[in-house]
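What follows is a pair of complexes built around chain A, which joins chain B in one and chain C in the other.
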Partner chain A sequence: MRTLWLELYKIRHKRLFLMLTILLSIELAWGFMAVSTSMAKNPDATTWSAILVTITAMNGLFLPTGSAVIVSRICDMEHKGRTWKLLLAASVSRKAVYAAKFVSAAVLIGGAVILQGLVIVAFGIGYGLAEPVPIGLLLRFVAGTTLTNLVVIALQQWISLAIKNQAFSLCLGMIGGFIGMTASLFPPQVGRLFIWSYYVDFSPVTYQYVNETMLFTTREIGVHLPIIVVLMGISFYLVGSIHVSRQDV
Partner chain B sequence: MNTVIRTENLSKRYGVVYSVQRVNLAVGEGEVYGFLGPNGAGKSTTLKMLLGLVKPSEGSVSVFGKDFSRNRLEILSQTGSLIEAPSYYGHLTGLENMRVMQRLRDVPDKHVEKALQIVRLEKQKNKKVDQYSLGMKQRLGIAMALLHFPKLVILDEPTNGLDPAGIGEIRELIQSLPHEYGMTVLLSSHLLSEIEQVATSIGIIHGGKLLFQGSMEQLQRNSQPHVWMKTQDNEKARRVLQEMELSPSLQDGFLVMEGMGDREVAQTNRALIMAGIDVYRIEEHKKSLESIFLSLTGKEGSL
Partner chain C sequence: MLLRCLGAEWVKLRRSRIWLVLLVLPVFSALIGFANYWMNQAILQNGWYSLWTQVSLFYGEFFLPILIAICCSFVCRLEHVNRNWNVILAAPVSTPTIFFAKVVVVGVLLFAVQLFFLVLYICAGFIAGLHAHFSFPPEVFGWIMRGWLASLTIIAFQLWLSTRIQSFAVPVGISVCAVFVGLGLYVSGLGMFFPLSILTIGMGVLSQESLSLGELGTFAVMCVLFVTTGCALGIRHLTRAGL
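So, the complex of A and B:
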């Protein structure tokens, strides 16, 4: 708890949540504009599902990039200030710092995703959607996005702490954003090799074109996919933590 | 005197190259121990091994009479350090940086105020550290090292980046730590002048090997003074001295001999006069610490 408190204290003045909120606001503004345009053309097809599908696809682009930036900012302060030796000489364990950074990033990004869910609800209600708020779908949307985010954070944190030059981790985030955005174009077997494609894979709603009309259907994710993703996350986290702990300072 | 730090055959090898080789340090309680060596001699690596930041390839470290590897947490809780460049969070203020350390060290607020006061940073404590000069960052690093008023302070090149006035202040501060706060100080530097003025004991490292360890007086005693003689005919005088089994060298018009006591000097002088060679001048040249250091580390050593 002491290390977590310290981590949260250390990220003050960095305005990370504000940065994330602005990034997600841009995403939501873009997403809602697209949904609004579609609604104007075809008011009958406007549903909560349309909103969720649009925002999920856009999360594939924005969240890997946003996560890379946030994690990089949290990790880079140790490189910039050469503070590892300060921490280690004060008998702080690197694994504890690693865990605290992971939790801090997860709380920040998780908070932003929950906020995103609330904004979606506000938008739907404000737009006067006839259907009631699909709480189950929204919870599954938030859970799937958060689970994918946790794995992305674990991967980004490993790279950000192991390699001092943050250009590497930021590039990885951008590549992740590209893969996340285009995930639905890959064959499923290929897409599932990349963690960033799971933003879309975990979407509780999917769509297909029938006679040039977009049809939305809800789907069950099952347990296998989340288990695979959890295992990926644990692997990235453990390998990263062990690797970083063994590096010379 | 109790020994605070003792290392036995401490070595660090990177691949096949030893950066530190069989170093046996002994730092006594209440000392200001100057760890001197040119750049790249192995000072920082040795200090990092003392703090557990680098794992030794061979040898052992004991601090406060306890094996470091088995008592790491206890030893580090009584040790303050500043290794290489100062460590800090640039986006936080000086005071916030101290608060981070306060939380880690679990010390009261008054320690923060006192440590800032010791390094004279009270007026700049609310400024972001990114806006500090290098000297101020160095002072902050020292304040962080002193925050919990440890028994042992390890400072690696603490005057780097300081102006002459700042160097003087830090020197006074280091000298005051043993008697004012009962601390033992291990101070490394590549500047002989810096060590010479504050250290009570000295260790000289070069190429990863400890070449000398002892008091300043011992260091000077170990180096025999040279006797310089100027005569009417140095060549002839040299032959006379060689017959006496002396081996003078010729330097700048002088005959130079090592290891001569008063009696030998008088005998030499008498022998030259008896041989009909006038002696114009006899001088004793003591080696400066600088030349002792250079003779130990080689001319390429940085001073």
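So, the complex of A and C:
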């Protein structure tokens, strides 16, 4: 707990949440513009599902990128300040620092996802959607996105701490964003090999084209996918933590 | 003096393995673009042009600007560590020379990346068997060169950001946001007024129609204007700011 507070103390002036908010604001502005245009052309698509599908697809690009930037900033300060030796001399365990960094990144990005959910609700109400706010769908959207994010953070943190040169972790984030954006183009068996495609896979709403019209349907995710993702997350976290703890400083 | 600075930049880069990043991103976008072309050949029937729309879409619109941002952050990384800016600026070299050396180094790296992307595109076309049915479009060389010229505008601004911002990741994050601003401006018909939309126009990413003579002139003027502005901002920051 003390390490977590210290970690939050270290990042207090870095304006990470502000940066994430700006990134997600651009995403939402872009997404809402696309949804508004689509709804104006096709009044049948004036539903919450249309908003959720669009934002989920855009999350596939923006959240891996945002996570890469945030995690890189949280981890790079130890490399730049050469503080690992200092931390070890102060009897701080590297696993505790690793956990604290993971939790602080997860809190920041999780907070941004919740904020995103609230902005979606505000947009839907402001647009005057006839349906009531689908709380269940929104909660599933936030839960699925957060779960995928946790695994992405675990992977990014491993790379950001293991390799001093942050170009590699950012490159991975960009590739992740690209895979997340194009996830729906992959065959399901291929897509599920990549954690970034789970943003779309966990979407509580899906769509299909019938006679050139988008039809939205809600879907159940089941328990298998979340279990697979949790296992992936635990693996990335443990491998990363053990690897970084054993590295020479 | 510029040559000496270029030599110093090269020494800083040579064991950095930045080439891995420079190779991976174009390969990745070419692979995905090629796969998309391969799976949709029934719709994409315009041969080399259709292939270009697929491979250049993600590369020119998304990966290239971010690759530029990563390169620019990278060439300023060592200077930000341990207040090395002070060491560099105390050397008997003029500030503009230091900045221009960075522009040239990133420009040369990006030129190599553009050529590599051209090779990937040609290979993808040969694998798809396009050479048997379609003649190779000469416009591709223009798209590659204009893409590189537009890259120089982004390089100038990204270097300005990277000299200002100590963090490696923040300029890259800004670049991601700028990609979408650029796309918005391109769609609104204001593409010539933003470096990232100029890249879209120059590389023929979203429209493969040839630029008219007037458009080419505007393109060249805007490139020069943006490069000059970016360099001026960067040099001004290095000259005046307390580093």
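Just so we're on the same page, the second predicted complex is superposed on the first by the 249 of 249 C-alpha atoms of A that agree within 3 Å, B and C clash if a C-alpha of one lies under 4 Å from a C-alpha of the other, contacts with A are read in each partner's own complex, and residues count from 1 in each chain.
Just so we're on the same page, a residue touches a chain if its C-beta (ideal position, glycine included) is under 8 Å from a C-beta of that chain, and two chains touch if they have at least 3 such contacts.
These numbers come from a predicted model, not from an experiment.
Superposition model on chain A: chain B and chain C are shown accommodated side by side without a clash. In the superposition on chain A, contact is made by A:Leu170 with chain C only, not with chain B.
In the superposition on chain A, contact of A:Tyr9 is made with chain B only, not with chain C.
Legend: residue contacts after superposition of the two complexes on their common chain; A:Thr182 is shown touching chain C, with no touch to chain B. In the superposition on chain A, contact of A:Trp30 is made with chain C only, not with chain B. Looking at the shared chain after the overlay, A:Gln156 reaches neither chain B nor chain C.
Applying the stated contact rule after C-alpha superposition, one finds that A:Leu86 touches chain B and leaves chain C untouched. With both structures placed on the common chain, the touch criterion links A:Ser72 to chain C but leaves chain B unconnected. Once the two complexes are laid over each other on the shared chain, residue contacts for A:Asp248 go to chain B alone; chain C is not touched.
The minimum CA-CA separation between chain B and chain C in the overlaid arrangement is 7 Å, rounded to the whole angstrom.
Shared interface residues of chain A, touching chain B in one complex and chain C in the other, are 14, 80. Across the complex, chain B meets chain A through its residues 48, 51-54, 72-73, 76-77, 79, 81, 83-92, 96, 99-101, 103-105, 128-129, 144. Taken in their complex, chain A has these residues touching chain C: 14, 19, 22-23, 26-27, 30, 62, 65-66, 68-70, 72-73, 76, 80, 165-168, 170-171, 174-175, 177-178, 182, 185. Residue ranges of chain C in contact with chain A, taken from their complex: 16-18, 20-21, 24-25, 28-29, 32, 36, 58, 62-63, 66, 70, 73-74, 77, 80-81, 166-170, 172-173, 176-177, 180-181, 184. Per the touch definition, chain A reaches chain B in the complex via residues 2, 5-6, 9-10, 12-14, 77, 80-92, 248-249.
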